[in-house]
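Going in written order, the chains are labelled A, B, C and D, and every chain counts its residues from 1.
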Amino acid sequence: MGRTTFHTDPVEALAGVADGDTVLVGGFGMAGMPVRLVDALIDVGAKGLTIVSNNAGNGETGLAALLKAGRVAKVICSFPRQADSYVFDGLYRAGEVELEVVPQGNLAERMRAAGAGIGAFYTPTGVGTLLAEGKEQRTIDGRDHVLEMPIRGDWALIAAQAADPMGNLVYRKTARNFGPVMATAAATTVVEVRETVDLGAMDPEAVVTPGIFVDRVVTS
Amino acid sequence: MTAQQGLPLDVSGAAEHPEPLDRAGLAARVARDVPAYAYVNLGIGQPTTVADHLDPAQGVVLHTENGMLGMGRAAHDDEVDPDLINAGKVPVVEPPGASYFHHADSFAMMRGGHLDVCVLGAFQVSAAGDLANWHTGAPDAIPAVGGAMDLAIGAKQVFVMMSLFAKDGSPKIVPSLTYPATGLACVDRVFTDLGVFAVDHERGRVVLLEAYGTTAADLAERLTGA
Amino acid sequence: MGRTTFHTDPVEALAGVADGDTVLVGGFGMAGMPVRLVDALIDVGAKGLTIVSNNAGNGETGLAALLKAGRVAKVICSFPRQADSYVFDGLYRAGEVELEVVPQGNLAERMRAAGAGIGAFYTPTGVGTLLAEGKEQRTIDGRDHVLEMPIRGDWALIAAQAADPMGNLVYRKTARNFGPVMATAAATTVVEVRETVDLGAMDPEAVVTPGIFVDRVVTS
Amino acid sequence: MTAQQGLPLDVSGAAEHPEPLDRAGLAARVARDVPAYAYVNLGIGQPTTVADHLDPAQGVVLHTENGMLGMGRAAHDDEVDPDLINAGKVPVVEPPGASYFHHADSFAMMRGGHLDVCVLGAFQVSAAGDLANWHTGAPDAIPAVGGAMDLAIGAKQVFVMMSLFAKDGSPKIVPSLTYPATGLACVDRVFTDLGVFAVDHERGRVVLLEAYGTTAADLAERLTGA
């Protein structure tokens, strides 16, 4: 349903996040990371979350802080291990957080499938690797493929450059990354933006995420 | 051909209105059931006229599957732009806040369940909510489906808008389809000149909500012979 | 490989189209229809073509003219039957052209799959209908789905508003329709544009089809 | 550990060069095999340095999987923009003619076979062209794959860039992988400090094209023990 709502308090914008929810978190490294929303998610207090994001946090801020606060039961990501991902590393080795490693293209495509009403799809990515073990395979036109299932979020938390009153979004440079895909794949999408623009001020040809995918916008 | 044994129909709670709905009245009646701020796709033909009856204060946003959200009204005179048409290939205008996208993104939006309502015409709707609106089944007909099958399965609620009886008098709400299906168990509500019906998916029956220009008992008899 | 080439002669831009090729043709009605390229395709003379397009031609111009010239063996489309599609209608009834009717969303998604390296996908569209007969079905999360295969073109002929020297494209309003999808799904993509712009004159945030998908551009 | 029985290797047509390739020389050697006007993805780490050796006249266009085509060089000083980074999270610049897209479109571009070349690092490459570059297989290692598996299967040609021997002296071109695979039969060419190899997919063997700082015979002995 329409009418994107606008909020200045990110905690208010996350009203309804519940224990056990799956939360898609945008960003590739810090570009496109919804920093205020991730911080607010700690304040919200929901536990047992499944976090779907490209990485698993750096240092002790953002997703790492969420992990450290003990709110995360499972991480689905392509690249958890980084130079300063020690919070995740520790929890993982202690068996306190479950990990599903997904090739980055499958991560994006599985969320795209959830948003696009695709029940499952066959991809050659991962064939013959540990990450395809136990997955159904099929040979199509002589090439082996793995069956991959959609990844759906209860929530998507993303960052964008600007929103208009309809909830239409534009992004900036490579900070676009997972945002437009996650926005389509969640029951409720919450976006933190740097600016809001007037109705009619956004070029309809250049809208990247139409407002239909945007439920709540957090402004500064 | 007018009455059908075995149509599971409940008319017990129906409101009765003295006049049948004319085309404009039917469009207005459909418009009344479109929730505020809904994202809506209006099928080609009669469903398009629902737009004329939406109150701007409802904040409804129209989707057209050829790649636009926030579609405006029909274009007139020098507003006509051959690059800006709706799914019925009728020129329309671009209101502020619109956006454009390509066909795969547009159908992803539809098929991904992001539209709240779509309104479609129909040849037949079955008691299970099966929809027939793409093919008469005539052996020499050239099949042409367009976006009908995608619309049928994509929206959160599918509204059908049609006359209740065909020209030969046969009911278009049927125990089971005799025309080729467009989608199964997909219709939620049926708006006709003589009555508004809800499909009760759990119990596999049709519930008359409102009768127009006739009584609930009369509709029950004409639809079921009972 | 890069270096999009630029042509003023549309026949020259179609050099290489061979008998039996599959040609994706953009447009929804006349919006986005590559009129000059379709006309040039008649001049090229290739026969036994499979045409993939939303419609099957109107009157006696464009695709209808190509059909009338006897160049088309098969049409894959969502909506062949229109008020003035008498050329197609006649050939179809005479058994001189084969028809595969595809739901419009499946048509777009199957080409998207071809362009995106998806081997096949499951969709609820068409379940229980004539158009799903003989297709593999699968129940996923309690919902029935049909398995659909990619549609790949030897050629895509599309229209766009503008190209830059890298082959990046922008479209105009609903004339965008199938163009961006078809551009990804063909071995060679040929685009007719209304204008060309200088390098750097196109907003990188607003590019709809990156030049990697564009092989040849026809200018007026 | 240095020689391996059973590596199918053909060194018969190899050219011999007196000096081994240093890191810059290796990057330059890879750059030389990148076709003019190719669309290229350079993997994180050493492959990134290939960009420094591409002649602008080659017209090569760089793709970065975090959503940019026509990526520029590393950004310096006040050019640094946190919104504009490459897949290695290094700030880069935006040359004219660039474009941005989201992650699903970016990987569709890669997985759909639209990139001409991708250059990757590796732990091991097998005679069949199988690639291992994501996981050491150590039982306590935390798995992290990033885009490696997508890159391995997506580009028209996959180039590997690595040292020919590991620190312990064991060859990194192997009869079959002992590390977990990233992709099967996907590598086309292997560029190393001591030799450039082509994978002959039809015959399941590796062909030495050029030896650097050693002889073909010496490499054959060190790689196969023969």
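Going forward, a residue touches a chain if its C-beta (ideal position, glycine included) is under 8 Å from a C-beta of that chain, and two chains touch if they have at least 3 such contacts.
Everything numeric here is computed off the predicted structure, so don't read it as measured data.
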B-C against C-D, pair bridged by the larger set of C-beta contacts: B-C
Centroid spacing, where centroids are CA-atom means, of subunit B and subunit C in whole angstrom: 29
Rounded Å distance between subunit A and subunit C, as computed from the means of their C-alpha atoms: 33
Distance between chain centroids, defined by C-alpha means - subunit B, subunit D (Å): 55
Centroid distance [mean C-alpha coordinates] between subunit D and subunit C, Å: 35
For subunit D, residues that touch 2 or more chains besides their own: 94, 100-101, 107-108, 110-111, 153-154
Multi-chain contact residues (two or more partners), subunit C: 109, 112, 116-118, 123-124, 171-173, 204-205, 208
Touch relationships between chains, expressed as pairs: A-B, A-C, A-D, B-C, C-D
Residue ranges of subunit C touching subunit B (in the complex, touch as defined): 28-32, 78-82, 88-89, 92-93, 99, 101-109, 111-112, 123-131, 171-181, 208
Subunit C partner contacts - residues on subunit B that touch it in the complex: 64-68, 81-86, 89, 94, 100-104, 106-108, 110-111, 130, 135, 140, 142-150, 153-154, 180-184
Subunit C partner contacts - residues on subunit D that touch it in the complex: 35-39, 59-61, 63, 69-70, 94, 96-101, 107-116, 153-154
Subunit A-facing residues of subunit C, complex: 109, 113, 116-124, 138, 140-141, 143, 145, 149, 170-173, 203-206, 208
Subunit A residues touching subunit B - in the complex, by the definition given at the top: 1-3, 112, 114-118, 164-166, 168, 184, 199-200, 202, 204-205, 207, 210-213
